[in-house]
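Quick heads-up: structures coming right below.
Presented sequentially are two complexes of subunit A, the first with subunit B as partner and the second with subunit C.
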Partner chain A sequence: MDSKSLILAEDDVMLASLLKYRLEKEGFSVTLCQDGKKVKEELEAQLPDLIVSDIMMPYFSGIELTDYLRNQLNSQIPIILISAASNDENVVSAFELGANDFISKPVSPSELLVRVKRELIRKR
Partner chain B sequence: MDTRELLDYLTKIESGLENFSYAELKSQDAAALKASFNAFKNGLESRVFGDVETVPRLNLNNSNKANQTNETDLHLVANVSHEIRTPLNSIMGFLDLLKDTGLDTRQLELVKAMDVASNSMFNLVNELLEFSKIATGHETYEQVSFKPKNVIDEVAFLCKTLINQKNEVKFSLNYDSGIPEILIGDPAKLSQVLLNLIGNAIKFVEKGSINLTVKLKEDRSKKVFLEFVVADTGIGIANDQLKHIFESYRQADQLNHKKYGGSGLGLSIIKAIIEQQMGCIAVSSQLGMGTTFNVILPYQKASLMAANIQTQETKQTSVSIAGANILVVEDDFLSRKLMESRLKQQGGHPYLAENKEECLYILKTEKIDLILMDMRLPDTTGVQLAKDIQIKVDGPQIPIILLSADIQACLEESYKDYGIVDFMLKPCKTEELLTKIDQYINNDKKESNNPELTLNNLENKPLVDLESLFNECLQKPDLLEELVTMLKNNVVEFIGKTKVHLIEENYSGIGFAAHKIKSSLKMVKANGLLNYVEQIQDFSNNTANLEGIKTQYACFIEAYKAVEVQIDKELARLLNGK
Partner chain C sequence: MSATTKKIEAKRAELAPVISNFLFHTPEGPKEEQKEYVELKITIRDYLKDKQFRRVVSEVLFDLQKDVSGSTRERLFKLYQELGLHEDAYKKLNSWQWHKIAKGILQLSKMNVKDAYHIIKRFVNDRRSVVRKQAELATVSLRTEGIEYVLDSTRFAISEWQQLKLIEVLGNKEGYRPPEFKDWLISSNKDVVLFALRLIKHYNQIGAEAAITTLVKHKNDTIKAAAVNCIIDFNFHSALPTMKRVFWKSNNDVKIAILNAFAEMGTPSDLFFLEDVSKNEKNFLVASKAQSAMNRIQPDAVLPSKDLIDVEEVPVVESSTKEDTELDFLSLLDIAVIYEEVLPAEQASIEFSEVEVYDVVTVTEETVESYYENHLNPEKGLDAANAHTMSTQEKMDIYIHMTQEERINLLLELKESSKPQDIKFLEFIAEKEDHSEIRYKAFRILQGLEKNENQHVNGGVDTPAVTETNETDYTVVDYDTIYKPEDSVFYPLFNYGDRTGKVVLVKEAGKIGTDKEVVFLNHLLETETDKVLLTAVKEALDRLQPKPSDTGKDESETVNLDSIRNLEVIVDVETLDEHNSEEKEEADQRLPLELLFLNESLEDENPNQEEEIEQLFSFEIAPEYFKDDYNKLVS
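Let's look at the complex of A and B:
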């Protein structure tokens, strides 16, 4: 079985490094994007198996990303959003637009791994 | 009467006035009186000694009549700018709120464009306001004692954080150790000038270096001339444009303006600020090679006695104020909160009083080991209050450390009778403050205090938790180290950006910076710091409470010092444990 590809969109380098390390350790191939523009470029080149994205990001937020993916690219690949605990409304609109799951900060990498795997099983 | 005799006479009045005025008058009246008196004396002095020190106005036009209209125009500009700022602030606030109302992609793009536009308008209005203030000669310059080294260090720190994003730009500082430790002048204006010049350099250097050199240019009996050289290896300025560089409304050329933005007022403001302080500025440049700005500014020397006070500071490394009950009498909210957080950080028990009444009440109800007292209080002076305490409060005399921004006040020997054991010049550094407190409480306090116990108290406070992060790293030591470095960089960036946004009163900038740092702080469970950041975020997003932000920001910086120590300790422990 070849490794699943995953886009990790997170502008905080510290959190991003930790998550990338843990995901790679589990055998995922991870493309790290520090802002929304970069995510868009990546998506235009090739769609990954799953996206993990922070909601609040420069240029292109996680919500916009969800909207773009579902309504412009017509893709159903799973999206897991990372949200700051205070942004309840954002999370609701993200689900309305078709996000699959969300996890609040502080993010536990172990919890994220479980959620990522679950989404990939559901997809199959 | 001979003019010199007159001057002697006035000097006597001045010293008399100094003793009486603070006790009898409200502090601001006394300060105003003293200021006007000083102006009179300086004017007279300059007539006698020929050292003319009047503030020159920005020379905008040669004809007198034109000057007059110009001034009216400038007043209008000042008023209008000020009036524009308030509604603009609300517009920016509402734009922020609008962003969170579930807009679609297109709408959000439009709102963001409005945000950018209103931000640049805000900066423009601020510059205009400042420009008109300076041009009409309404800018005032402080004459306070300050430590030039501290000002320069702060400027250098900020510049490093600004450069943080530009990997290929290096910043270096050379500081002449011959510069007196304390000078008298306007430290805020100095950092404004340097930040502006270095900020420009940062804009124009894509790759290369920026250097700030501070030299003692001339040392006279009463004053010194400092030279500040800001040299960069940026794009440079062509010769024919160089002579226009300090003119208002002109950046070297239109093309540059589009690329680098700004109102083009910056350098003319800087030049005026320097010249109004009797200094001068020059520029030299070679296209493609870089630009060098030379600034010379005069500063008054502090008296020998004053310099002594500062050099007396003992450099002790292990001070302990743990368990000590310390009363802080200070009317300024910010200073009081800052002092409280510093003392708490070190395990002290601070009590806070805003005025005489509160101070006496606390002294009657609590057992206080030491008092930190501000010289200027709303209803009395520090010295008068010390006298009152001696009369009205029973029991052994409590040592008092007097804090003052005025170096003269620190020199009166007779104060010692009222229990005033020491003085400190404001603003004081944490270590100096702790050393002094330690010196006066520990004579009788130390035996009763079990040092091990206090050490445990400090250790028990979990400022950060690296352990769970280490586990999430699957106990990989180099990853943990890497993450900790990132954390520190993020904090430095937050401190620098917030400082800049505070100066610009850019609430959305502060809110965003606060939001960004939260993620890193949560990862190490730095809950104390997180608390301050959440307050900052709340104040900037919801209430635009600048004073509140400043307080929390000061507390954050203070608290971070201890957290950083803790982080390093924890890191060493975890790495060595494996």
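Let's look at the complex of A and C:
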């Protein structure tokens, strides 16, 4: 079975490393990006099967990333957003722009894994 | 970024996969993974001998616990203690520097080192506020009974911010079952009492009613106000009398809180207390709050009374409550009087001269009063006794202003003593009345009146009410003295006709005849012997002679049939006649088809229900039905 490719956009090295480790252990091919600019470069190079992105990131926020993906690239790749605070406005904006799911910190890696799998099943 | 920070960041990046490996290691994994895990453990134990490295690992784990939850977080706590990093935090507690102690307490509580509870709780009464506050939070966080220990033992004040933080810590505890916080309402520490009240409200512990009510009598006004607010939240009505007693011994804040309580929970019986407060309270805010509470309990209990200009009271014209489309003449009179009072006489005249129908210009108070006294005086009223002396219009004018009960009473009286001059009035009621029962009663009285009149005309037994009539009584004119049989145009033709021709002529005379034909037909009645011809003559006479019961049933039919009953020639007619008479009697008692529904609403007036049900399904048949049959038989 081909492993699914994911982009994990998270500026906190420790958390990013932890989540990457957990996802790779489940067989996903994870590309780690520490800011929005690198995510954009990765997207221009090749589109992944799913994106997990923190909302608060340098250069390019998770909401801007969603907008870029949906309106500029016209891509329907599933996006799961992570935010430190469950700010209602952020959540509403994210869903309005086309985010598929939302998860607030503190993140349970097991929960994130379940959500990633669910979105990939939906995509099929 | 400084060199040290850069160094630390590099260490963090280096440590990240190691820690991830530790956190997600499973003993069931492949051998290679197990081998890698053991090697990592040996390596990290060597690193941990370095104090700097221990500090970095400790900070990394401390930061990470904020971002992860669930089983990963639990593994993180376990790793923290396995690596012996909690020993460093314990050491900090022995420091003489307050910030190191606070940091040590924070690390131990955040990394959920439960064994540290007994050590940390000793700092709850530390004289250094930062240490004390951190210790309170850690004590509450580490164990369920921590909050009870804090409330029991703290001798210092607990700020509102600290109270909220402690409630937040309690809220984060999974499956937390709070104790009965009313037990701390008797604490000597006023802040503990206030915190207990806050916790009671937060956890909605309504079992503390008596304790909270008692706190209204507390000498401390802050506790008093908090207790009152708690009472409002829980809607403890039983506390209102206590609040009344303590009101005058409280400060303004408590007074306002108490008045808010009365506004929320007060009843009209509390208005006396509130009125007393509004009159005797010197503080404007408190007095105003009392009036506001009065208005909340009873709207418009207190109306604005200051800075109002003097304005004469103007009577307000009440709108007519009549449902029918008739103009309420009395209301128009009232309007006219008010206009004459408010406007100059000339102006009023100009306004009302435009109203042609009522000629309101001439209406004055005197005329209105005289109208009331002479015609519509409510005291004079309308009853069966004076109804006969009034005109129908007067009766109708009074009737439309009567209540439903008065109308029923009037009709009950009229039922006993109605006279023919009441017929128009009764017809008015039967036609215009909205209430079905009253309409039905009027109809029945009308029916009785008409029956009595017909009996009178046909020589029946007259009731006194009907024989006294002078309005609808009619005089039987003796035409025989005015005309002769020869005066009729049918007379010469009759003498030349055969039997069939004579019958036809008599029928025609009945149809188009005048008074002359009446004389002619009476003459035939006396002179002719042919029974068939006589029958035709009687029929023609019945058609020509007018009867007072034209609007109702043709009672002349009874007369004809009575005379015909003696004839032996037409045997079937006798049977028909008997049947017809019986039907007529029944029909007099029956309702017309369109009013049959009224039987349902008048069950009390129909004690014999079975008969009524029979009548419901035996519809009235007009006498003409039998008359036609009879004519067919005769012809």
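Definition applied: the second predicted complex is superposed on the first by the 123 of 124 C-alpha atoms of A that agree within 3 Å, B and C clash if a C-alpha of one lies under 4 Å from a C-alpha of the other, contacts with A are read in each partner's own complex, and residues count from 1 in each chain.
As a working rule, a contact is a pair of C-beta atoms (placed from the backbone, for glycine too) under 8 Å apart; a residue touches a chain by one contact, two chains touch by 3 or more.
All figures in this text were calculated on a predicted structure; none of them were measured in a lab.
Peer 1: Could you look at A:Leu73 and tell me whether it touches subunit B, subunit C, both or neither (first, second, both, neither)?
Peer 2: Neither partner.
Peer 1: Which chain, subunit B or subunit C, ends up touching more residues of subunit A in the combined arrangement?
Peer 2: Partner touching more subunit A residues in the overlay: B.
Peer 1: If you stack the two complexes on chain A, which partner ends up touching A:Glu111: first (subunit B), second (subunit C), both, or neither?
Peer 2: The second partner, subunit C, only.
Peer 1: From the superposed pair, tell me which subunit A residues show up as contacts to subunit B and also as contacts to subunit C.
Peer 2: After superposing on chain A, subunit A residues 12-15, 17-18, 21-22, 25, 105-106, 108-110 contact both subunit B and subunit C.
Peer 1: How about subunit A: which of its residues touch subunit B in the complex?
Peer 2: Residue positions touching the partner: 11-15, 17-18, 21-22, 25, 56, 61, 64, 67-68, 84, 87, 89-90, 93, 105-106, 108-110.
Peer 1: Under the stated contact criterion, what part of subunit B meets subunit A in this complex?
Peer 2: 100, 102, 104-105, 108, 469, 472-474, 476, 479, 482-483, 486-487, 490, 515-516, 518-520, 522-523, 525
Peer 1: Sort out for me which residues of subunit A touch subunit C in the complex.
Peer 2: Residue list for subunit A touching subunit C: 12-18, 20-22, 25, 105-111.
Peer 1: Could you pull out which subunit C residues touch subunit A in their complex?
Peer 2: Residue positions touching the partner: 9, 12-13, 15-17, 19-21, 23-24, 60, 63-73.
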